[in-house]
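Scrolling down, you'll hit the structures one after another.
Shared chain: subunit A. Partners: subunit B in the first complex, subunit C in the second.
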Partner chain A sequence: MGIVSPGFQGRPRSAEPALPPGQYLTEDFPVLSAGPTPKVPLDTWEFVITSETGAEYRWTWDEMMALPQETVTVDIHCVTRWSKRDTDWRGVSLDTLLDGVDTAAHYALAHSYGGYTTNLPLADLRGARAWVAHTYDGGPLPAEHGGPARLLVPHLYFWKSAKWVRGIRLGTTDQPGFWETAGYHDYGDPWREQRYQGD
Partner chain B sequence: MTEMSYLDGNMLDGPLRELFAVDLSTATGRCDNCGMAGPVAALQVWSHAPGLVARCPVCTEVMLRLVRAPDRAWLDLRGTTFLQVPMPLDQPHPRPL
Partner chain C sequence: MAAPTAGARVAPLTWRVARLIERRTETATAQTLVLEVPGWPGHLAGQHVDVRLTAEDGYQAARSYSLAGPADGDRIELTVQRVPDGEVSPYLIDTYAEGDPVEVRGPVGGWFVWRPTETAPVLLVGGGSGVVPLMAMVRARRAAGSRAPFRLLYSVRTPADVFYADELRRRVRDDFGLDVAYVYTREAPEGWRGEPHRIGLADVNTHGWPPDLRPLCYVCGPTGFVETVADLLVGLGHETRRVRTERFGPTG
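Right after this comes the complex of A and B.
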């Protein structure tokens, strides 16, 4: 053991997988918000996927809970430079939700209660890489973290994991969302440090 | 007869430099969503976010967004119909051409 301790908790640094460039580890769960927290009663909550033809696929809260549920443990990376390891979520895979959706679209725009939007390639919502998450760390997802349900797309910067998600619009053209129209990167891969346009 | 024409954006440099040098917290902004006109200082600013998001105190729609990268900044005013900026009377100002 050297003179300089690598830290006060957890495994030695050498055993940890690397963080994306420019990120630091945090133990708490910072709350970031671009506006007031919407209050969404579960009896009126809905999730809707709208295809490029306008066809709508809707789920109520009870219908969403009746779908196959998955538990995932993932690292998350915020563009404001904090990363958090081994976060525990439960929710419905986008693979399940997209299964019966007839679409030839390549692009998705997630939209939220409260008006937030963020865009992703539709391919990034498939392949067991994206969920509508309603449970965090064993309990209902708190409203300040996006409850009743948020998008969870942990392989991209966390602004893509839209809080208070209400639906996804599929399209044949890419439509930048809330932060993407204000300078942030269209795709947002933390491992390539795609923070801002042109990165 | 001389046809009316336009100038390139370089001519905005001087006039806009005059504007952007002022303290905008003393300016008045009009919300493009609800029409509220009030001081920029009264906007509700959400700063625990990837950028600054200023919302109308009446309807809470976004009026201004400011994102700062190390080498660049983005200012989005699409939610603001106008900014009315107080100007000193004794300062020479450009007349309409």
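Right after this comes the complex of A and C.
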């Protein structure tokens, strides 16, 4: 328990299912990005998985849309402390995309149009836990929320769900991404409150 | 977008006890809190801190606040805007008293920062309480005796909503190379040219820097404001990696 601040009571304690520690619910969908929102035309959009040997696996927008699509309803948790329940997405599972990829890598670095990067263990992209999502709440994913397509990895803090995702580089070593280099946690499990390095 | 600090890892952040030593009223709904934080490691202009409150029964709530000024020993300043129905900001504004403890940890954020070693022209564009980290940069410039040319374009609803109004007037007079311009969205002061309006291309073009000068641009405010301004800057020809943004949502 921390130091008590005299007179602080906080909101009434809720009987709702618990949120991760230190999070509060929002009905909005706040936006957090480090720079301007990239505008990516669909006719030149591509998604590339690069293995640790340099082999590349590419999909155009049409090829991505031709893959099996999944509908996902999940809670999302941002490191800036908002959580949002029951968000609706549609996209392609990373299990589908990784299916034909020959790799022995343990680490993944997602990279985006605009230059953003974020690192995850490859295992966290498997097991029906990660998607390339292109539809939010029944409509095309808006650019400020990462459209045309973003990574969706809802069991980690939302900065791991790279907006404007362009590809994933697989590697045998863990390479910190944009926020991780700035002091945010390498893994980012909201239930263990891994916000910053050392948490 | 380059990495914030090349490959460096930062030390783990620990919670520290902070006590209120002074409070200043900025507007009817915002106050600046001066906190003493023994052992504060220092910070860069633009960084923020997490503030954590603990109730008698152990319940905790934490929020992030931008630091309003450069590091001054163990003293830090936050400007807190009251969020209607918020959990933390009403406590900090109404109840939190001099000498009372809260916990803080930081500094956090290594991208939306200005370093006094930078010499490039700087454009700061703030909407509402988004001016807070930008004011930290204006103050850091002064504290370091920097000659980097600074322009601040500050969008507010009415003249009564301006944070740091007196100090900004003084700094424009005394800090060589600092310009400040306002955009009023609801109600303009007497003598201001034009009608109240939302920030647009003409404002950014008139009060910003030409892209040829390769200025560093910092944009902070509500999401819609930041999207608008960042898009305008890119449209005017600014390099995207020199446009740094921070979006403020209601965070209670």
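Note that in this section the second predicted complex is superposed on the first by the 184 of 199 C-alpha atoms of A that agree within 3 Å, B and C clash if a C-alpha of one lies under 4 Å from a C-alpha of the other, contacts with A are read in each partner's own complex, and residues count from 1 in each chain.
By our rule, contacts are C-beta pairs under 8 Å (C-beta built on N, C-alpha and C of every residue); 3 or more make two chains touch, one makes a residue touch a chain.
All values derive from a computational prediction rather than experimental measurement.
Visitor: Which holds for A:196: it touches subunit B only (first), subunit C only (second), both, or neither?
Guide: Both subunit B and subunit C are touched by A:196.
Visitor: Taking the superposition on A as described, I'd like to know which of subunit B and subunit C A:24 touches: first, second, both or neither.
Guide: The second partner, subunit C, only.
Visitor: Applying the document's definition of touch, where does A:140 land relative to subunit B and subunit C: first, second, both, or neither?
Guide: neither
Visitor: Is the number of subunit A residues in contact higher for subunit B or for subunit C?
Guide: C
Visitor: Of the two partner chains, subunit B (first) and subunit C (second), which one does A:127 touch, if any: first, second, both, or neither?
Guide: neither
Visitor: Report for A:176: first if it touches subunit B alone, second if subunit C alone, otherwise both or neither.
Guide: The answer is second: A:176 touches subunit C but not subunit B.
Visitor: Per the contact definition in the header, classify A:159: touching subunit B only (first), subunit C only (second), both, or neither.
Guide: The first partner, subunit B, only.
Visitor: Thinking of the overlay built on chain A, is A:38 touched by subunit B (first), by subunit C (second), by both, or by neither?
Guide: After superposition on chain A, A:38 lies in contact with subunit C alone.
Visitor: So which positions on subunit A get touched by both subunit B and subunit C?
Guide: 30-36, 80, 115, 181-183, 196
Visitor: Subunit A touches which residues of subunit B in the complex?
Guide: Touch list, subunit B to subunit A: 46, 48-51, 53, 55, 60-62, 65, 67, 69, 72-74, 76.
Visitor: For a test of understanding, state which residues of subunit A touch subunit B in their complex under the given definition.
Guide: 30-36, 79-80, 115, 159, 179, 181-184, 195-196
Visitor: Which part of subunit C faces subunit A closely enough to touch in the complex?
Guide: 1-13, 15, 17, 52-56, 58-64, 87, 91, 95-97, 100-103, 108-112, 223, 226-227, 230-231, 233-234, 240-241, 243-245, 247, 249-252
Visitor: Mind listing the subunit A positions that touch subunit C in their complex?
Guide: Those in contact with subunit C are residues 1-11, 13, 22, 24, 26, 28, 30-38, 80-82, 114-116, 144, 176, 178, 181-183, 196-199.
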